[in-house]
Amino acid sequence: MTGTQTRTAADTFDSAEHQAKLHELYRDFEAAGMTPLWLTREGLMPFHPQPRAVPHLWRWADLLPLAARSAELVPVGRGGERRAISLGNPGLPGDPYTTPTLWAAIQYLAPREDAPEHRHTQSAFRFVLEGEGVWTVVDGDPVAMRPGDLLLTPGWAFHGHQNVSDTPMAWLDGLDIPLVAETDQGFFEFGPDQVRNRSTPERSQAERLWGQPGLTPVALAGPRPASPLVAYRWAHTDAALTAQFELEAEGAPGVLGPGHAAIRYTNPTSGGDALTTMRTEFHRLRAGAASRPYRTSASSVWQVFNGDGTVQLGAGRNQLSRGDVIAVPAWTELAFTAATQLDLFTFSDAPVFEKLNLLRTELTT
Amino acid sequence: MTGTQTRTAADTFDSAEHQAKLHELYRDFEAAGMTPLWLTREGLMPFHPQPRAVPHLWRWADLLPLAARSAELVPVGRGGERRAISLGNPGLPGDPYTTPTLWAAIQYLAPREDAPEHRHTQSAFRFVLEGEGVWTVVDGDPVAMRPGDLLLTPGWAFHGHQNVSDTPMAWLDGLDIPLVAETDQGFFEFGPDQVRNRSTPERSQAERLWGQPGLTPVALAGPRPASPLVAYRWAHTDAALTAQFELEAEGAPGVLGPGHAAIRYTNPTSGGDALTTMRTEFHRLRAGAASRPYRTSASSVWQVFNGDGTVQLGAGRNQLSRGDVIAVPAWTELAFTAATQLDLFTFSDAPVFEKLNLLRTELTT
Amino acid sequence: MTGTQTRTAADTFDSAEHQAKLHELYRDFEAAGMTPLWLTREGLMPFHPQPRAVPHLWRWADLLPLAARSAELVPVGRGGERRAISLGNPGLPGDPYTTPTLWAAIQYLAPREDAPEHRHTQSAFRFVLEGEGVWTVVDGDPVAMRPGDLLLTPGWAFHGHQNVSDTPMAWLDGLDIPLVAETDQGFFEFGPDQVRNRSTPERSQAERLWGQPGLTPVALAGPRPASPLVAYRWAHTDAALTAQFELEAEGAPGVLGPGHAAIRYTNPTSGGDALTTMRTEFHRLRAGAASRPYRTSASSVWQVFNGDGTVQLGAGRNQLSRGDVIAVPAWTELAFTAATQLDLFTFSDAPVFEKLNLLRTELTT
Amino acid sequence: MTGTQTRTAADTFDSAEHQAKLHELYRDFEAAGMTPLWLTREGLMPFHPQPRAVPHLWRWADLLPLAARSAELVPVGRGGERRAISLGNPGLPGDPYTTPTLWAAIQYLAPREDAPEHRHTQSAFRFVLEGEGVWTVVDGDPVAMRPGDLLLTPGWAFHGHQNVSDTPMAWLDGLDIPLVAETDQGFFEFGPDQVRNRSTPERSQAERLWGQPGLTPVALAGPRPASPLVAYRWAHTDAALTAQFELEAEGAPGVLGPGHAAIRYTNPTSGGDALTTMRTEFHRLRAGAASRPYRTSASSVWQVFNGDGTVQLGAGRNQLSRGDVIAVPAWTELAFTAATQLDLFTFSDAPVFEKLNLLRTELTT
C-alpha cells in the first residue's frame, strides 16, 4: 500500500463511526498493555538520534564550593558511601544522569576522612583536577591520587578512599551508572568500613607490575576485560602529548589533527579501552588551534584540565575555564578552540556501541 | 569513618541549624543540576537488579483479535510504517517497552497488503506462530514466512513485507528498540513504498547461499556482525530438537537438561548470536519435564509455540497456552513445566551484557 | 657501506693472504657450528618463495591399482595403523610429503577390515571419491563415508575405521603431518584395536547435533578450535554449488568468478576453517569456464572429483581426469579450464599463514 | 582386524612368494612417488616430539672473537647484507638453523659501518648484550641500541643499521628464518644502500608515540599484527623484574615462581606477543633460586645477559656464563639454577603453536 493509497484509505476511514471504533480500539489496546507502533514510531525510531539529554556546561567555580559546603554538613559513611554529587543533565529531569549512559560527579573527601569499601558491577574512574593526599584502595592496593592522574576502578573491584592529609580533596568521578541502572545489570556489595590497606606508597602494586611500557608479567599474562594498570599518571600523559606535538613539528605522524594531540587510556592486556564500558581519553590543543567539528552517536563528558578556550556544542558556543565540565549528548556537533594551550580530559560510552556495531561518527565540516 | 562513627556524626549534626543549612545546600544543589549520591545510591546501585519492569503474561487469545480489529480501522503505510502493536510492560508506564531493552509486538498484515520498505539501526526479527502468505523482503531478497520460522532483519538492512494471499497473517516482532532509543543510537531511513522485489520464491537467496550446514561461499567468506542466513526454518529447528531428545535417549550429550532440548540461532560467519544485540533460541520440554529454575541479569521474552504447561515467573505461576507471550525482567526466577510437549521461542538481551562483561546467570535450586 | 664500496672492499680484500685467513675463519666457523648469513642469504631469504617442492600430478588410474595391490600383501593393524600410501613430492626426496606442510595419501580398506583406533595432534580429514561401506569412528561417533563427503578428524580426536561391506573402499586422506613433524609438535596415542562403536547409523551424532544450518545446541555453545560438525555431505556441497550457479544466472552474488562456484568447509562455532591448520574447499567450474590464474604463498593439493579439463600449474599444463591429484607448491601460478563441468576438492595450509600474518595471494592476469 | 589378527596375517603372509610381491609393490610405489605410512609412521608421528635438533650451548667467549675476525675479512654490503653468523644446531646438519623454526646469530658491525636497508616477511629482533653506538633504522625511524635493549623489526618493515661510533658492536639477532624458509613464506626486497635517516636520537619516534604505559595515540588506535613499540629498554625491563621481587617480598603476586621474576615483551595494540611468530621474554632468578623444570612443545633459544649458574637441558647440565647461548629443542626438560643473580633473555616459537592449538607445556617435577 503506497503513501498515496494510505492517504486515500485515511479519507475513506474518516467518518464518525470509524473514529468511534478507533477510539474503542485504542482504549482496548491500553487495557491490554498494548501500544501501536504507528502512533509512536517517530519518537521511538527517529531519523537520527534525538536525545532528550541536552548539551550542558557546569562551572568548576560553582561545583567546588557546593561540594565543600556538603563536607561541613554531611558525613561520608556506610550507607551513603560517598560524598559524590552528580551532574544531572537538565534534559533528563528526575534522573541524576549526565547523559543517558554516563554519570559524572564531583567527589569530595575532607581531611582525614575515609570512604568505606564496596564493590559494584558499575565501572568507575577518578580524574584528578587538583589536590592530593588521598589514596584510593583498589582490591587492597593503595593508589595515590594526584593532579592529572586517571585512576580506575574496574567493575566488581573492591575500593575505598582515604584522605591522609590535613586538606580536603575533590575530583571528578565517572561511572556507567545510568547504563547499568536502566538495563538492570547492577550488583553491589559492602566491604570493610575502613580501607583494608592504610599504607600510602608512592606507586601502587598495579603500577609496579604493569607500569613499564609493553612489558607484561609472565605469571599474569592473558587478556582481561579491564585494565590491570589501575593508575595512569599525569607525567606519562603529558609526555605523550608533548611528544605528539614534537613529532608533528618534525613532520611525523601522531597527532589527531593539526595542533591537536590526543591519547587514549588503554588496557595493556588487550589493547582496547581501559574500561569495558567507557572510553577515556586526554586531548590537548595548541594555543590558537581548533579541533575538527564532528558528531558521534556516543555521548560524552569533557572536563577542562587546564587552559582557556571555547567549545561549540551543537548550536551553542561557550567560554571554557579550568575545571569546567561539559555534557555532550549523542549526535551533537562538537568542536573546541584553544585560546591558550587547552588540556581536556574526556570519557564516553563509545566502547558499548562499538561492540554492538551501532557506533557512528562523522566530521561535520 | 566507620558506620558507627557515621551515626555519631549524624547525631552531632542533628540540630535545627544544621537542618536549615542542609536544606539550603540541597536547594542550591538542585539549582545547579546536582544530585547527591548519598540520597540516591540505593536506587541507583542496588545489591542486585531491581527492575521496574514486572513479570507479565499476554494471552494470544487477547492479542490476535485486537490486532485483527486494527486491520479494519488502520491502514499500513508510509509514516506509521507497520501495523505492529507492542506489548508494553506494566512496570514501565509511558514507554511501549516489553523490557528495558526489548520490544515485542504483534504485527498484522491484511490480505494483499504491503508494508513499505525502510531501514534502521535497530535489529529486528519476526517469529511466526501461525499463518502464511507473507514474504518479507530483506535488502531485496524475498523471504517466505511460515509457522515456526525465524526471519532476521539485521540492523540497517532495508526491509518491507507483502501479503500475497487472501488471508491475513500475524506474527511476533522482536526488536531492540528500547535499548537503541534510550541510548540514542537510532538512525532510520525510508525505502520504496512498495517492496522492491515482488517475487515469491520458496527459498530466499540468503538460504540458497548460506543454508547448507557448515558451507560458506568462498566469495563471501569473512565475519559479519549479524547472520547472513536470514531465515531459520521450522523444519530445521524441529529436527534439531528431535535429535537432541533421541541422543538423550541414547545416552549421548546434547540436551540442556533432562527432557529439555534447546537450540540457539547463530551467525554462521562467527558462531555467535544471529543478531548483534539479541539472543534468539528455541526450547522444547518433553511432556512432564521441567526446566531448572534460574535467574539471569539478561531480560527476555518468551512465546509458546505449541503445547501446554506452566511457568514459574518470580513468585508467580501461570498456565501457558499456545501463543502466550511472557516478559521476564532481569534477575527474575524462571522455570517451565510441561503438561504436553511444550515448545517455546525466546529472545533476550544477553549478547549485550556478555560483550560488556556484565552478564550474570545462576541456577536457583 | 654502499654496494659500490662493497665491491671496492672486495677488491682490496682479494689477496692470497686474505683468502687464506678467510679459509681459516670459515673452518673455525664450521667447528663452532656457525654459518655466515652472507653465504646463505639468497637461499634462506629469497625475493619470493622458491619452493623445493615441485608441481606434480598423480593419476587416479595409477594410484588405485597400487593401493589395491597393497591390500593383498599388507595387513592393516596395530603399529602400521593404516593402509595409507602418501603422495611424495618429487622435489622433496626422502620425505613422504606432498608439500612442505601437507600430506596427501590414498587409504584403502579391504572388505570387513578394521583400522585400529588412535589419536594424534595432527589434524586429518578424508575425502571420498568413490565407494562406500566404511564408517570412521571419531571419538566414539560412527560416521558413514560416501562419495563426495568430507569427514573430519580434528587434532587429538580418537578415530578408527571399519569396513562393514564386502567391497574394498579407497579415499583421499589429508593431514598436516609435514608441518607437525618438521616443527616437532607431534603427540600420538593408541586407542582400542577395534573401533569402539560398531554401529553403522545413517547420520552421525555430530550431524544430528550440528547439522541444521545456523542452529547450535545451547548446551554445547561456545567456540572450538575445530569444527564439531564432523561430516560434510555431498548432497549439501552439491546443492550449495548448484545454487551459486543459479544465483549467477539471476544476477545475484555468490560465485567466485564467472562460471566458478566455490564453497569453504567451515567451523560453525567460529565461522573459520573447519580444521585449525588446513583449509578445505570444493570448487566447480561450468563446462567451458576457466578460473582466474593466481598464485598464493599457501601450498595446496587438489583432487578432481568429477569431470574433465586442464590445469595450468606454473609453466606446465596438464589434462585432468576423475580422481587425479595435484600438488601445488607456494607461489605457483594456478588456473583450471573446464571441458565438461569440472568438480574439484582442495585443501591447503592457508589458515596457518593467515594466523601468522604471512599469507600473500595475487591474481596473475 | 585386531592386533592379534595382524600378527596371524603377518605369519600367513610370510612366504617367499609374498616377499617377492611385496618387493615389487614397494618398487612400484617408489616409481609412482608413493610412500606407505606403515613403513614411516613411527618417524612421522611419534608418541611425543622427537626433535632432530639437539640441546646445545655456545660460549660467548667463542662467538665474539670469531665474529670480530670476520669483520677484518668480510665487508658488510649489498648482497650479503649483514655480518651475521648463525648458530647452527648440530642436530640439523646442512641447515644453519638453531631450532627447526628459529635462527639465532651474532651480528657484528665495525666502527662507522652501515648495513644496507632491506625488508622481508621474516620477523626479526636484536637483543643487545654489550656495546653501543649503533642505530637500527626501522621504516625510517632510527632506534638506538644499548645493553639490555630489545629492538624489533616486524615482518616487512624496512631496516638497516649504522654504527656511528669508533668501536665495533655485536648483538644477538633472532629471526623466524627456518619457519619461513621451510614453509615457503619468504619475500624479500632491497632498500637503500645506506640507512635513509642518519640522525641518532636518544629515543625513537616509536618510543615517543608508544612508550608511555597504557597510552595509545588516538590517531593510531587499532590492533596491529606486531608491536609498534619498536624498542624495549633495559631500564624498563630491569625495573619490572626488580618490582616483581619486591612484590614477592611483600607477599603480593607477580613472580613466576619463588625467586623467579619474568616479563614478556608484548604488543600494546593487542596485548599479545611483540612479534607475530616469536615470543620474547626476560627472566631473572635470585642468587640461589631455581626455576621449576618443565618441557614444552615450543622450541626456544636463551642467552645469559648477566650472572652465573647452571642449566639442566634434557639429561645434561651445563655451567652458564655471561653471553652464553642455549638452543632448547621441543619437549626437552629445562631448568635453571642461579649461583649469582641470573638474568636470561629468551625467545621461542610458542605463539605459532598457540595460534594453531598445538602448544603443550608441562611441569616435569
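Letters A, B, C and D mark the chains as written, and numbering starts fresh at 1 in each.
Here is the rule we go by: a residue touches a chain if its C-beta (ideal position, glycine included) is under 8 Å from a C-beta of that chain, and two chains touch if they have at least 3 such contacts.
Fair warning: this is a prediction, and the values are worked out from it, not measured in the lab.
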item: Relative to chain C, chain with the most remote C-alpha centre; value: A
item: Separation of mean Cα positions, chain D and chain B [Å, integer]; value: 51
item: Chain A and chain B: spacing of chain centres that average the CA atoms, whole Å; value: 28
item: For chain B, residues contacting two or more additional chains; value: none
item: Overall pattern in which the protein chains touch one another (line/ring/star/complete/other); value: ring
item: All touching chain pairs, where touch follows the definition stated at the start; value: A-B, A-D, B-C, C-D
item: Complex interface listing, chain A residues touching chain B; value: 1-3, 5-7, 9-10, 13, 18, 21-22, 25, 28-29, 32-41, 44-51, 53, 56, 58, 62-63, 66, 69-70, 72-90, 96, 100-101, 103, 105-106, 113-114, 116, 120-122, 155, 177, 179-189, 193-194, 225-226, 276-277, 297, 299, 329-331, 349, 352-353, 355-360
item: Residues of chain B that touch chain C when the two form their complex; value: 205, 207-221, 223, 227, 229, 232, 236-237, 239-240, 243-244, 246-247, 252-256, 262-271, 274, 281, 283
